[in-house]
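Structures incoming, each one as structure tokens.
Common to both upcoming complexes is subunit A, partnered first by subunit B, then by subunit C.
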Partner chain A sequence: MEFIYYFGDVFSPLSFMLLLGGTIGGLILGATPGLSPTMAVALLIPFTFQLEATQGLILLGAAYTSTVAGGAVSAILLKIPGAPANIATTLDGHTMAKQGHGAKALQLSFLSSAVGGIFGVLLLIFLTPVLADWALAFGPSHLFWMAILGVTVIGSLDSASVVKGLLSGCIGLWLSTIGFDDIMGAQRFIFHPSLGGGINIIAALIGLFAIPQVLTMFAKGRNSGAAEVIAVQKHSVLDAMRELIRRPRALTIGTVTGSIIGLIPGVGGQIAGLVAYDQTKKFSPESEKFGKGHSEGVIAAESANNAMVGPSLVPLLTLSIPGSPTAAVLLGGLLIHGIFPGSDLFDNHPEVAWTFINSMLIGQILMCLFGLYIAGFAARVAQVPQSVMAAVVLALSVFGAYSVQSSMGDVYVMACLGIMMFFFERYGFSAAPLVLGLILGPIAEANFIQGSMIANATDGLTTYFLGGALNKLLIIIVLASIAYSAWMELRPRRLQAPADKTEART
Partner chain B sequence: MNRTQHILPSGLVFAVGVWVTWISYTQAPAEAFLFPRLIATVFLVLAGWTFAKALMGKSKVGTGLSRSMMLNILPGLAVMGIYVFWAAKAFGFYTATIVAFFVLLSLYDPASHRDARVWVKRAVITAGFITVMYALFALLLKVYTPREILF
Partner chain C sequence: MKHLLAGAAIALMSLTGAVAAEEYPERPVMMVVSYGAGGATDFQARIVTMTAGNEDALGMPIAILNKPGAGGRVGWNWFATQADADGYTLAAYNVPHFIAQSIKGGVQYSTDSFEPIANWGADPAVFVVAADSPFNSMQDVVNHAKENPGKLTFSGAGLFVGHHIAALQIEKAAGVRMAYIPTKGGGAAAMKAVIAGEVLGGVNNLSDAFRAREAGNVKILGVADLERSDFLPDVPTMMEQGLDVDNASVNFRGVMVPKGTPQEVIDKLAATVPEMFKNSRVASKMQAGGSPMLVMNREEVQAMWAKRQETLQALLAGL
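Right after this comes the complex of A and B.
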């Protein structure tokens, strides 16, 4: 119950202002199609340089929480999910809006987001210290395998092609080795003066997540007119609350599914929303109403995608392994303040860890309160033309990358990585494993070197890195995630092949 | 999507993989390249696999790039390239941003270029945005960006 002692810190004037600003800004950014939560958080990092670590994290955490929820506004009123996590919300939410129940759909989405989100953060509060204690038993070989696990799970599960996902992770790991070697001081892969200090993580994050979005907006050309917003009629919030209470099945399935999926590294809000929607539909006696404007569809999807936010931070705060691209960006936000998450975070910086987590809890309530009142405004902001958005994001990226360490080299790295990522994404490569490789590379390398030294003095490399129950378990999970994804990738082709033959015969 | 479109990026990644592996195994001191060697080996295998698949025409993942998409991107990409790699440093961040923002806005704005009010609107949006950027970065965050001309 240590977290209770740090609740007061959330309400200090500056912290609370940042929480409010992050929540309202996040709701508006989330409602804007094309601005993903990861990109929004990455673009906000430069604004945290002047702040203390706790305050910076409050801003980033609030933005993360509310961008996921804000994405429902455009999903419901514009039929354009603000983020991939809101895809399932579109199915029933937009139909409800077309039927004149837009306000009810928005209210249900924010209320269920708050319930799911609060449950998820409570899970984070109670699970994190337990796992952190357990993580104290981890040695260098285990941490090495955990880092590799982080890259392979995201590389295999988050990409359309397992091989290209893993290859993206490898490219990220390689990029992390550019610069001077920490132990020997040797130069590695410095093929341009801008890379002398290595690749700056924040500049790379901004480039990899923001620049491809800018180019995607360019790709739409001049025909990117704003989508039509459905008008919202007034609806009593109390009625929406009663409706939510009347639908405990959808709320429970959504919340539990989202929380479980959030704990699994690499499986994002998009999967949480869709799985929760699908499961609620299966268990509902009114399954035929799904897709035709059924409130259970909105409740399940929105409670799930916000319930996954808290648990998705558990691997980051306990093992310093970011389980999602957004968690990776938050890790970047921690590192610039000299704070390294892991098993001792709660001993060395309890005020940072607990105030951040508490702010996410309060943030869920604020997100719900403000979401209900600014949804209409956020939807109008979502109509901002793509030409304006592209120019705004590009300028913010340039200023953000430069402000990391006042270096033009960072701006060049940001732009080069971003442009390359846009083109490579068109051929199945993925930014998420690349980012995780870049962030987890130093962790993997430091533990690999440390482990090698221990191994040379004891049992040898093979026994040290491949022996022991925990090493074996981690290796099995790494291999299982790759095998599962490969099987999932090959399965549709196998199913498709006989179908093609049948078609050919007929 | 034709096969060449897959061969180009896969070939480029494979070439990088070969270079990384070559450097990792030939540069001294060997201790500094222990971890890069481990990565480079996996990198090369995966890149080789991807390139071979592309050569055989079995690479299907991804949406590729259409001609119209490239034509839409090119003007923006050119402005972005000039802005980031030259103008930002040569003219100063704020001056270069004003010009790049206004040009991009005009290039991709679906509104008519013949309407004078549209141009005024674009100028007002640019002025408003640059004011916010200056307030945020120069005044609030105290980020001292290159300032060659104007401010």
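Right after this comes the complex of A and C.
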């Protein structure tokens, strides 16, 4: 309960101003395509040079929390996921916005972000020592199986058929091998100098999600009939809260999955949203509604990606090991003030540690309030005529892809992937499994190579990858996931085939 | 066309050289860091350049641009082939990384592609084991490796980086074969492998190991440098423990410009930048972060690069 003692520090005038500024600024940065949470925090580090350690960290903590949530704004309204964390949000969120329910989608996303986020920070406050051991339990073999578990999700994610989903996933896995391989330094598929660093994930996200949409909008614009105006429906915050309470399953699965996955160093942040989305879909009796503007999809994805924020800091704060790129940047922010995370932080600088954690807690609430406030206005974006919208999204896409590392190469990559995806979508392929392949490929590969090197030097591949309780548990989950997908694919063909036909006719 | 323009620009610059150097820099300068935001190189680069805008330094701020990927190869390839040689694009170098990579091949740069300006830091590699490890000295490690050839696993941040060089030197000096496990994700991932017990030991940066020891997670058994470090006065060097390992793996960090940058601009930078690194605010921030500083001027860095080129060529010849 030590943390309560330090709440006062968060409310001193300067600290609170920084918290407010960090939250609002973070939401705006997060909503800007191409500015990932990592980059937003890195941009703020120089400002903390002039501040005291505690105040600097308040700014960074608030910005981290709200950039993750802010990514939902562009994901929902523009179908540009600001970071890998927001991919799952686009699936239902953007569909809702197109149906005129943008305000509802945004309100739900901020409310569930706050619920997930607060749960995550509370975990960080109360369970840090236990969680630290858990984070260390994942070695290369376990991370490899985690990545394979992710691959099994690919087939069932947002695709017309499992086969097409798996094919998209394979393309993603192949794309992830492009560039210098990180361990051996071998060159693979570098046809053009801008591919040397591999496909940048943010540029790929923008290309795969936003560009097909832009092309479709331009194509539609040619026949005047398509220039329909979407009636944007107002939606009260109270209704959104009621909706959230009516959907405890999505909220729980999202929050729990996000917290657990967020802990695993190097994997968490990127896939938490997608795994939670997939799990919710599998457990939902209305699974066929997902991808068509179902509110559970938004709730699961957003509660998961904010729940991951707190636990993802556990390895950093206790062991001084940054578990994610954003945590690495935060480490820099601590070091610059001469504070070493680990026991030194909690024993000798408790005011810094707890003020930082408290500010993330208060930051979640501020983020939610401010987010709800802007949701109503922001949703009106959907009323913008399609031709104008297409131009704006295109401009933002180019800006976003370029700003990742000030490189035109990333813009070319974005454009090529986007045009490719436009044609793929016509044949029923979808971007989400492809992106998941792109994210999981390097994780599976690097951990397999590393694991096999350790295995060859010690007890051999079989014992290393198949032995041990955690390995076996993960393998069982992988098999269960495959079996479940196969069963779901086969079952409706027998039972629901007639029903589908009648539906198709209407 | 680009080359023609560049040539014309250089000709013009040399004509008006004196004047140009007088005015340089007229606008903010960019510095490419070949590693991601938050890494040790990025973190230190941001600190040492924070006073660039002062009147007694460059008088213009230096903005950091991260071009990470493939252990630095992406950023340095870009810098060697695409960066304008006008003094407005600097880069951070990491020795021995870029030299080892150029010897190994497959990249578009070598020491001849760049002109050093000044060095700011020297981070030696150290050998770490988990806090509960039975090893208490390098001798224990070597003995275990002799009894179990090829079975002693130890981590480091990738191939052909300082950690790998130190690993090769230790193996060569002790005459043993061990299993070097390169990790993806830099020194942090390699350190995590040691703390979590995935490997028996590891080579890591002195600054990161110092922090991990403060947190009570690791023991530091030896420093791969010529002298003991001020941060770790109690840890003996490899040489003291009978292993013939010199400072070839020490991670030197500093600033360079592309070949072809006007001599006047190089001279101006070489005169100002080392003084900028010596600023007391810079020193105190670096000290606080546990980052060892070593300011070297252009001539010293040129000599260091040449020496490293020789050592590494000999060391990597057999691989």
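As a convention for this text, the second predicted complex is superposed on the first by the 268 of 506 C-alpha atoms of A that agree within 3 Å, B and C clash if a C-alpha of one lies under 4 Å from a C-alpha of the other, contacts with A are read in each partner's own complex, and residues count from 1 in each chain.
In this text, contacts are C-beta pairs under 8 Å (C-beta built on N, C-alpha and C of every residue); 3 or more make two chains touch, one makes a residue touch a chain.
Note that the structure is predicted; figures quoted are calculated from it, not measured.
Touch criterion met: A:173 reaches subunit B, while subunit C stays clear of it. Within the superposed three-chain model, A:486 lies out of touch with both subunit B and subunit C [touch as defined at top].
Shared-chain residue A:385: touches subunit B; no touch with subunit C. Of the two partner chains, subunit C is the only one that A:140 touches; subunit B does not reach it. Once chain A of one complex is fitted onto chain A of the other, the partner contacts of A:46 extend to both subunit B and subunit C. Contacts of A:461 after superposition: neither subunit B nor subunit C is touched. Of the two partner chains, neither subunit B nor subunit C is touched by A:372.
Once the two complexes are laid over each other on the shared chain, residue contacts for A:183 go to subunit B and to subunit C alike. Contacts of A:237 after superposition on the shared chain: neither subunit B nor subunit C is touched.
Comparing the two interfaces of subunit A, the one with subunit B and the one with subunit C have residues 46, 49, 181, 183-184, 406 in common.
Touching subunit B in their complex are the following residues of subunit A: 46-47, 49-50, 160-161, 163-164, 166-167, 170-171, 173-174, 177, 181, 183-184, 186, 188-189, 214-215, 217-225, 385-388, 390-392, 394-396, 398-399, 402-403, 406, 408, 411-412, 415, 419, 423-429, 444-445, 448-449, 452.
Those residues of subunit C whose C-beta lies close enough to touch subunit A in the complex are 36-39, 42-43, 46-47, 50, 65-71, 73-74, 77-78, 81-82, 101, 104, 106, 150-153, 158-160, 179, 181-185, 188-189, 191-193, 195-196, 198-199, 211-212, 214-217, 285, 287-290. The part of subunit B that touches subunit A in the complex is made up of residues 5-6, 9-10, 13, 16, 20, 23, 27-29, 31-36, 38-40, 42-43, 46-47, 49-50, 53, 59, 61-65, 68-69, 71-73, 75-77, 80-81, 83-85, 88-89, 93, 97, 100-101, 104-105, 107-110, 125, 129, 133, 136-137, 140-146.
Those residues of subunit A lying in contact with subunit C across their complex are 38-39, 42, 45-46, 49, 136-137, 139-140, 179-185, 187, 193, 196-198, 265-266, 315, 319-322, 325-332, 335-338, 340-344, 405-407, 442, 446, 450, 453-454, 456-458.
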